[in-house]
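Structure provided below as structure tokens; questions to follow.
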Amino acid sequence: MTTTPLPPQGVAAREPGETAPEGAGSGRRNGLQRRASIATKKLSSPWASLIAVVIALLWTTPTIGLLVTSFRPEIDIRSTGWWTIFSNPSFTTANYEQALFGGSQSLWTDLINTIVITLPAVVIPISIALLAAYGFAWIDFKGRNFLFVAIFALQIVPIQVTLIPLLTTYVDLGINGTFWSVWLSHTMFALPLAIFLLHNFMKDIPPSLVEAARVDGAGHVKIFFRVLLPLLVPAIASFAIFQFLWVWNDLLVALTFASGLPNVRPLTVRIAELVGSRGGDWFLLSAGAFVSMIVPMLVFLFLQRYFVRGLLAGSVKG
Amino acid sequence: MDYLREYFSWLFGEIGDFLTNATTTPHKLTLMVVVILLFVLVMGGILFAVDKPKRVPRWAVTAGFVGPAILAVLFGLVYPAIQTMITSTQNRNGTEFVGIDNYITAFTNPQFQVVLRNTALWVILVPIVSTFIGLVYAVLVDRTRFERLAKTLIFLPMAISMVGASIIWRFVYEFRPAERPQIGLLNQLLVLLGLDSQQFTLNPPTNTFFLIAVMVWIQTGFAMTVLSAAIKAIPDDIVEAARLDGLSGARMFRYITVPSIRPALVVVLTTIAMGTLKVFDIVRTMTGGNYQTSVIANEFYTQSFRINEQGLGAALAVILFVLVIPLVVYNIRQMRLAEEIR
Amino acid sequence: MRINSRRRSAAVAGGLGLVLALTACMPGDDEGTEGGGGGEAAGSEECEPFEQYGDLGGTTVSVYTSIVEPESVDQEESYDLFEQCTGATIQYEGSREFEAQLLVRIQAGNAPDIAYIPQPGLLQTIVRDNPDAMVPAPDETEANVDEFFAPSWKEYGTVDGEFYAAPLGANMKSFVWYSPQMFADAGYEIPETWDDMIALSDQIVADGGKPWCAGIESGDATGWPATDFVEDVVLRSAGEDVYDQWVSHEIPFNDPQIVEALDEVAGILKNPDYVNAGFGDVTTIATTPWTDGGFPILEGECWMHRAANFYQNQWPEGTEVAEDGDVFAFYLPSMTEGTQPVLGGGEFVAAFDDRPEVQAFQTYLSSDHWANEKAKMTEAGGWVSANSGLDVENLATDFDKLSSTILASPDAVIRFDASDLMPGAVGAGTFWTEMVNFFALDKSSQEVADAIEASWPAS
């Protein structure tokens, strides 16, 4: 890992021939075209491609292994490696059947619970964080820096230490074992990182935009909604993905605050229980993991295009 | 009056039941939508109230924007953190004040020294390695034909829960004697090369590195996604000018790409470091903290909730806070720096 | 922008409407509608024994346990009659995080009505650390326990002279699993004494086999199967009196007699000629999942695997557990003639509330009526109880009958799993982890015993 595996590119050698002085204004389109042409050259650079392919393989092989495993019979999973399936194929959907329908309660209920937990737990913290980030970025007030740093520093509080104090309060309020305690907890845990990241994005917006609006007599609320929010869509989308993944895959918060009651417990709790009282059915996790992965993957595929393109657009200062 | 009171108690009972006792799917989904709308309404109300530039004092505007967040973290994070600090000076079930005894135990007991060492290894290695790989990969696939597919592949592990990740890596690390059919991929490779199979998760201290690899595997997707966006945001004229100066390849990477995305790098490194400090699931599901692989977050859970040594558990958590302070300070410096430049 | 966002929200609403419509007809939502009706549902004859509990219609008892699916299905079914006849609803929740989460909930004031606690040590800790949380068992429960259980079982549910928790299920841990077919083919006899067993092991080695297989990996509880082995040996080599002193820390953990027992365990499990059949060398014991530890028997590679009666349910589907089947178990022999030490385990029903319905359910669970009901519901086997009112004929499998017979045998000297009785820091802490080091790092018996002794809580 210590060597810097960067490709010796042929770009520099050819470059001088095609570059011509350009004005800053017209440069962007040409620049993009040029980059596109560089891209094709990059692909032809064998080292770059090789390294990229090796990383991609390293990162996907374990998951492919699990995918293959999830379709193998139990006795095979326990006795031979998943790659032997290519020389000695034997497939079954028994693991999925048992993971999906083996329990006394349909997996649908758990899936619905997860959805009901996740959406508010993404929307609420992002909204609160957006407002706070705006406050810290564009409103001048006493103690602003101190407060911002304090909130940033709160990222270090591990969730485990909050379990007992929070649960005690929820019990007093009578909302333990309901969706409310889960929503609240996820909101509070997400805020430090959300405020920190969104604040960074907000700071990147040219002050001239804000100033211009202010001169026009717009208040903070107007500036926030009219000027900043549209520019922040990509940043919001990227944070939303991470918050979504975190909540979707969370086990500890749900386990403690939602309790394992069938009406509230999310998919992760159910899947963790798949292995049985004494852990003997661990092979069922292979199917369970894929079931719970489907939605996050779809969300990523859908939002990826959105936020990468968005980030590009937002970053062009003009 | 009585009638009204009755009516209201009935009404609140009904509302309360609707809000806290969702049992059917339509009810749950309705509740979810209602909650989001309710929340949007409340926030909208606050903003509407402070949106009179002339008549509303500035503190009210500030409170409208920042207040909800501060209230939330005060209740959700500050109060538990203070509680933990108090607990850390008490004995195992909070009946006696013991001063710094728990801290002395944490630092002198060899078992906990290993835990502290492991935590340090995690916090140093995970952010650096995953950011490095993520960055290199982001540069390599930038603007190639397969960019989207390539990025999705690396991001994939982020979508997998920790329970899923642990089972995935079980099929990589699983040990069987060399002469028997292998289940773990890595050992299969070793056997193919004519070497002896290894117990990757068992032998300290290398086993910690194999657990760290799992976290790197997960976090690289995060680093790659954020850094890729940052790379795309580098103004073309800078790249252009550098190219005119004859920079290319590794030197372009070193002198242009990296400095240009420095703020993003700091954010990524810090975020991953913070996440790593709190890492718990990987260790818990893969080794249970055995074979000298435990880290502070896992040890806190074990001590507090399984062994019921709450004072000691809390002391470990406080040590965790303290360990992160340098990271926080560094970040604040960076933020100040960035602001000065601006 | 505004139009745009309105259109978007309309689309979201539309999408949700669709989801609502789709999910409205999904199955699995009708939980909780049954069981609220009260008395008359079941036949009056069936309900007769429940009259003592009165009408509990409309009440709910929450139960929190470490028993999850599939075992929890039988467990829940065994409450059906109680629910039908009294009208009470039992709200069952099983979690693999039970031990940790129970403490969290008690401290947060959110204790369940009833918890099945598998460790008397944890029971004591809870009573002593949270004096107001657990309530003593009602007189009716105590009467049941006096009638149906041996005094030692009652003792485990008693803290400081106050009786809290009645035993529920029981485990019988002193078993060695083997393949009857393999033994028959090789002409081996089931060993009757410890020395016979060692002689048999040597015979197997001489015949070119590896006699023993084992695995102690069990997630965050890794190490516990090895503690059971040690306890079984202490009970045999040092006797039950020393065992009791060891548990209560009247003798230190590194007492020579305990170290000796550890050495005896090492003689089998750390003997490279004996282990680890089908898995590799000695260190593989530390990383082999406990649940897979005996599987090499099925492949004909391993001869003996010491594991509790509940290992019955770990065998892969289609394995026949019977004296003439694929696998069966023999009693781990004693070291001295005429004694029959048995290592046992089990759950205890602790209550955190004294509402009538909670007490009624507690009492029901301690009765012979429930024990037989549970035995009938457990069709696949794998459950026994120390309840003397349990009719052995109601048990599903021959193996369960064997376990139950040994537990109920008058010669049996039953001792509860020591690690479950010791303070959490040892019993769920260093005893486990040091046993892992015993195999993984090849720590000596003395080193292991010293390390555990050093970790014993002062008070």
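Note that the chains are named A, B and C in the order they appear, and that numbering of residues resets to 1 at the start of each chain.
Following the convention adopted for this analysis, contacts are C-beta pairs under 8 Å (C-beta built on N, C-alpha and C of every residue); 3 or more make two chains touch, one makes a residue touch a chain.
Which protein is which chain? UniProt says A = Sugar ABC transporter permease; B = ABC transporter permease; C = Sugar ABC transporter substrate-binding protein.
Remember, predicted model here, so these are calculated numbers, not experimental data.
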Original post:
If each chain is a dot and touching chains are joined, what shape do you get: line, ring, star, complete or other?
Top reply: complete
Original post:
Across the interfaces A-B and A-C, which one involves more C-beta pairs in contact?
Top reply: A-B
Subject >> Computed distance of Cα centres, chain C from chain B, in Å >> reply: 35
Original post:
In angstrom, rounded to a whole number, how far apart do the mean CA points of chain A and chain B lie?
Top reply: 11
Subject >> Chain centre separation (chain A, chain C; CA means) in Å >> reply: 39
Subject >> Multi-partner residues of chain B (each touching 2 or more other chains) >> reply: 23, 25, 29, 301
**OP:** Hunt down the residues of chain A that sit against at least two other chains at once, touch-wise.
**Re:** 78-79, 108-109, 112, 164, 263, 272, 282
Subject >> For chain C, residues contacting two or more additional chains >> reply: 23, 26, 29, 31-32, 101, 104, 218-219
Subject >> chain B residues touching chain C - in the complex, by the definition given at the top >> reply: 23-26, 29-30, 33, 92-93, 175-177, 180, 197, 199, 201-204, 284-285, 287-291, 301-302, 305-309
Subject >> Residues of chain B that touch chain A when the two form their complex >> reply: 19-23, 25, 28-29, 31-32, 35-36, 39-40, 43, 47-48, 50-53, 58-59, 61-62, 64-66, 68-70, 72-73, 75-81, 83-84, 129, 132-133, 136-137, 139-145, 148, 150-164, 167-172, 181-185, 188, 217, 220, 222, 225-226, 228-229, 232-233, 235-237, 239-240, 243-244, 246-250, 253, 263, 267, 271, 274, 277-278, 280-281, 297, 300-301, 304, 314, 317, 320-321, 324-325, 327-328, 331-332, 338-339, 342
Original post:
Across the complex, what residues on chain C touch chain A?
Top reply: 1, 23, 26-29, 31-32, 66-73, 76, 91, 93-97, 101, 104-105, 107-110, 218-219, 289-292, 295, 299, 310, 313-314, 316-317
Original post:
Across the complex, what residues on chain C touch chain B?
Top reply: 16, 19-20, 23-24, 26, 29, 31-32, 99-101, 103-104, 125, 129, 218-223, 278-281, 283-284, 286-287, 424-425, 428-429, 433, 436, 440-441, 457
**OP:** Spell out the residues on chain A that touch chain C in their complex, using ranges where they run on.
**Re:** 74-75, 78-79, 102-106, 108-109, 112, 163-164, 167-168, 170-172, 176-177, 226, 230, 255-256, 259-263, 269, 272-273, 275-280, 282
